[in-house]
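Structures are listed in the sections that come next.
The following pair of complexes shares a single chain, subunit A, combined with subunit B in the former and subunit C in the latter.
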Partner chain A sequence: MRIPKRFQGIMFVLPALFVLAMLVFYPIVYTVVLSVTDPAGNYVGLENFRSMIDARLTARAFWNTLIYVGFSIIFQVLIGTAVGILLNNEFWGRGAVRALIVVPWVIPGIVAATTWAWMFHTEFGIINYMAQSAHVIDQPVGWLTNPDTVLPALITVNVWKMFPFVAIMVLAGLQAIPNDLYEAARIDGARKHHEILYVTLPHLRPVLMSITLLLAIWGLNAITIIYAMTKGGPANRSLITPIQIFRHAFEFFRFNEAAALSVMFFGATALLMTLYIRIYAEKD
Partner chain B sequence: MRRLSTLALMAALPLGAVATPALSGEITWWAPEFGEERAAELVRRFEEAHPDIQVNMEPVVTNGLQNRILVALRSGNTPDLIDVANGWNIPFAATGGLLPLEEVLAEKNIPLDDFLPAALETATYEDTLYGLPFRAEAHALIYNKAAYREAGLDPDSPPETWAEFVEASKALTRTTESGVEQYGFGIAGGGEVSNTIFRSLPFIWMNGGNIISTDLSEVGLDSPESIEAVDFYTSMLTEHGVAPPSTLENDGTALRRLFIAGTIAQYQSGQFDLASIHQENPDLEVGTALLPHPEGKERAAILGGWNFVIPEAAPNKEDAATFLAFLAEPENMGYYTDTFPARESAMELERFQDPELGSFREMLKYARQQPPSANWVQITQIYFDYVQEALLGSMSAEEAMTEAAAEIEPLLGQ
Partner chain C sequence: MTARSRSLSVVYLMVALLIAVSMFPFLWMLVSSFKRLNELYTVPPTWIPETATWSNYLNVLLESNVPRYFLNSLVISAGSTAIALVLAILASYGFARFRFRGKSLSISLIIVGQLLPTAAIIVPLYVVLNYLGLLNTYLGLILAYLILTLPLSVFMLISYFKGIPVELEEAAIVDGASRLGVLLRITLPLSLPGVVAVVVYAFVTTWNEFIFALCFAMDSSTKTLPIGLAEFTTEFHTDWGAVMAASVIMTVPIAILFLAMQRLFVGGLTAGATKG
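Right, the complex of A and B next:
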């Protein structure tokens, strides 16, 4: 059998497209179907959406998610970029430091989170122990139990976990900047901080943009750190939307409501990402 | 083309492997991994006595187990025998996925009147028995005898009533001679929701309140009795300061560690904690007592435990029943349980005569099952959220429980 030439290409990608459709579109379509039906499969319109919007915790969880992801990204990018630039310099033991720096990123999230939870513990935690020994604080601080400190503590762990990724990507981006640009700048009398500001950072922009996008997508969907450390507590002060979805689906077995919340969250995330890409694209 | 069909065959192979039906004479048993060694030993003994039946014991982790079993029951792809926590039994039965056991047990001559009535209730749905309890336990008070003496209390007569208990906890809250900040009573306020339920709901029951009524028709959390009990629990931290500052992140495990470290002098738990306390701090003089009760009222406890169930879709129900009958024999049940057996006759075994277990055994008499509501997980999550609010001090116990009750109300009719 001969296949016309213009269909040959399509035939080749068809199996891959089929697998992709099963893996990606089927779950999405199924989630949407779940979100407008009841457990028996009857169509209920927007009922599930209404009950999730009315739920006391939905707004708080969404707000917490924005704060958690937003501040995480800011510090991940700032610290990651700085470390990346530092590691690009020649110094003794650079190889060892480069290897060590990725450790947080490589450790499984659940292990890291559980360890951090113990370190932050009011009574046994090494953080309180050190701070008290150094007389920084005189009473133990309930890092994970005080509504004012719980989100910053979780953001710290998240930043610690992901900044190495940013550093590695930035390092890779730096290697791609031709050396003559720096030489030219130096000839024009540029100092180190001028080089970073006017040569390095502008060239890193495309890298940083993709990194930020990735961090945002991962951050919005991640539940490991918070779920393992506080489960959203105390009294939901660190509840984020992904955990709320998880609770409704796998703890309360209310898959339809969970699906409705997922669809809304998916919409909000998609909107944010589109805006981000638009704004960035316009600038270029 | 031939190559393509071979390829398709290979792709389909794993599916075929999964769907292989169990052979007769072979059963699969899901047992929690914490009892793996004893389960393996029981399987060995059983296979010796029944050479024609082979038992595949699969140790399962308890984290996420409820969900895993539920998925198995719904899909119909189940093992032949499963250990389930007694709180899951009725919700599983409600899905229609479990085999009614009365006839099976009658056939195997297992006398149901030998079992703890409260334990059987955890397996009874719409007047039909869907599980066989094998393990039963209740919390008691665990305390540090040396701390009692140092605080001027008598270690041989622990407090009986709530008022006495608060006084004792206050006396125990002090800086010890060795410079340790000691707290009188460790309560749970963090971790998995069930940690706090098991430690606070008994107080609500004792006082004549409830979260929801036994017939699941009413919310009782905003009654004065319930509010008073929740206030008794949360004020340990907020008013009396006898619970450690870490209360909101403490679950059962954290409490045990704090007790071993000498940071807390009393806490509630099951007998399963005793072994690790003795092992990690052999010098600690452990006392056990009944939970304190409100003046003039009866004590109460939550009945914890595990049941055996046979799924309706089990491939080999007949042999599963034979194995179930073997496991239900008093000496096997007494050997398998981590705490107490659910059969009175198994209670006579040497292993359960340890005087240290006396209080836990006594508390079993006061133990009741948790309300068998299909929405219990969601209801307790709401309750837990508001207990945390009260512990944070952002709401009084009364405000918190009134709001919790209002939020639980719409879940009752479903």
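Right, the complex of A and C next:
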């Protein structure tokens, strides 16, 4: 028996779609159902949403999420782009350097988190020791226990872990820029920084756009580093929305409220996704 | 000094700084893993362990659950990678070679799967896995990890399949081969580098995953390595020597795997993520 030609394509695609539907779309629908019911399954309207919105923690977590993801992206893209441009130069050992710098990105997030937690240790951490030796600070700083330093410290770890991804993508984008463009610019008397400003960066724009959105989505997803280093503390100063959802569900066992928060969180990220799909479709 | 050699030395200086920043945490992890407890807790810290010891490694390998977690991680990552690979090969071939109704909708659905915030589906996934009796089982985590691995695997393979000339397949079809036969005998062997990239990507992603493992595997018979690392830290005490030794143990296989495959892996990933 031969399958009619117009059904062949869908037959290949169907198993993967089925699995994703069961694992992704069914849970999404189920979240919505959970969010408007109580633990006994009775319909309660928007009660769960109201109690989550009224909780002061929700606003705090939302704000923390914005700061954490926003500043992470800014530094990831800036440093990653600079490193990508740097690695596009020809120098001895370039292949090895390119391979090495990607290692922070491929190791488990939990390893990055614990290693940096040890480096940030207040009494015995190497960072306090080096900063004191260099007279940057005169007292040991409790990087992860001080409410004012905890988010910057976590952002540092996140940037360290993710900038290699940006660098590799930017490097790939750079190598797609035809060489004649640089030559033409040089003939017109352009200096190195002119080349970067007027040839390199404009060509990188589409790559940078899609990287930024990917980073935003991954950043909104990233629980591991914060959960392992501070669990959201001190005094909820590093609590981000994904961790709030996690704690509501698995520490307080309030699944319905956690589901309401998930729906709101999903709504916010859906906006980003639409944007991404738009850009993706344009390139097609 | 000429302008050219001056700019080259600036490049070397910046590369040195880059390597220092990227690699320092690993160096410090390695140094700390060989220190005894009293040396870890000294000010100023020592750059080279005064009395280097394997005791942290022995502690991790013999006294803790880490070996069991290693086995669990291996089974779960391998299982999830294998399933993702089979599904992704079929789906990507369908997307790369056929036009059909609902194709762009299907692609959008897979992108949504890729971009979905995992935090938003932990709760319902927990409820569903619980209902199916799949909490604390290998199968439960294997299935949950498909969410993370399947979408990007599909995109990586689509761009790979598209790069293989259709003419090669057409000859075989004229000779009476089925599309599945063509995929298995002609297209797939030619796509081996892409397949390897998918395998590495899926394996590394699942090997590193933390949150799903934390939520869906609460029993030591199914807990994975990242959870094992977190277990050395309790609310009141952290055995930093053991944590650093366990970190080294977790970093080395991934770093070796990646460095061995990096050309394929990076090439495949840039193709899948930006559709280069």
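Rule of thumb we're sticking to: the second predicted complex is superposed on the first by the 253 of 284 C-alpha atoms of A that agree within 3 Å, B and C clash if a C-alpha of one lies under 4 Å from a C-alpha of the other, contacts with A are read in each partner's own complex, and residues count from 1 in each chain.
The rule is simple: contacts are C-beta pairs under 8 Å (C-beta built on N, C-alpha and C of every residue); 3 or more make two chains touch, one makes a residue touch a chain.
Everything numeric in this text was worked out from a predicted model, so none of it was measured.
Legend: residue contacts after superposition of the two complexes on their common chain; A:Phe250 is shown touching both subunit B and subunit C.
In the superposition on chain A, A:Ile196 makes contact with neither subunit B nor subunit C. In the superposition on chain A, A:Ile74 makes contact with neither subunit B nor subunit C. Number of subunit A residues touched is higher for C, counting subunit B against subunit C. Contact with subunit C, but none with subunit B, is seen for A:Gly109 once the two complexes are overlaid on the shared chain.
Shared-chain residue A:Ala185: touches no atom of subunit B or subunit C. Residue contacts after overlaying the shared chain place A:Leu66 against neither subunit B nor subunit C.
Within the superposed three-chain model, A:Gly233 lies in touch with subunit B and out of touch with subunit C [touch as defined at top]. Of the two partner chains, neither subunit B nor subunit C is touched by A:Val44.
When the two complexes are overlaid on their common chain A, residue A:Glu123 makes contact with subunit B and with subunit C alike. Common to the subunit B and subunit C contact sets on subunit A are residues 121, 123-124, 250. Note for the complex: subunit A touches subunit B at residues 56, 117, 121-124, 139-140, 142, 144-145, 147, 230-231, 233-236, 247, 250-254. Interface residues of subunit C facing subunit A in the complex, by the touch rule stated above, are 7-8, 11-12, 14-15, 18-19, 21-23, 25-26, 28-29, 32, 40-45, 87-88, 90-91, 93-95, 97-104, 106, 108-113, 115-128, 143-144, 146-147, 150-151, 154, 178-179, 204, 207-208, 210-211, 214-215, 225-226, 229-230, 233, 240, 243-244, 247, 250-251, 254-255, 258-259, 262, 266, 269-270, 273-276. Within the complex formed with subunit A, the residues of subunit B that make contact are 64, 67, 70, 189-192, 244-249, 254, 257-258, 261, 263, 375, 377-378, 381, 385-386, 388-389, 391-392, 394, 407. Residues of subunit A touching subunit C in their complex: 2, 6-13, 15-17, 19-21, 23-28, 30-31, 34, 83, 86, 89, 91, 93, 97, 99-104, 106-112, 114-116, 118-119, 121, 123-124, 126, 129, 133, 160, 164, 168-169, 172-173, 176, 192, 207, 210-211, 214, 217, 220-221, 223-224, 227-228, 241-242, 245-246, 249-250, 255, 258-259, 262-263, 265-266, 269, 272-273, 276-277, 280-281, 283-284.
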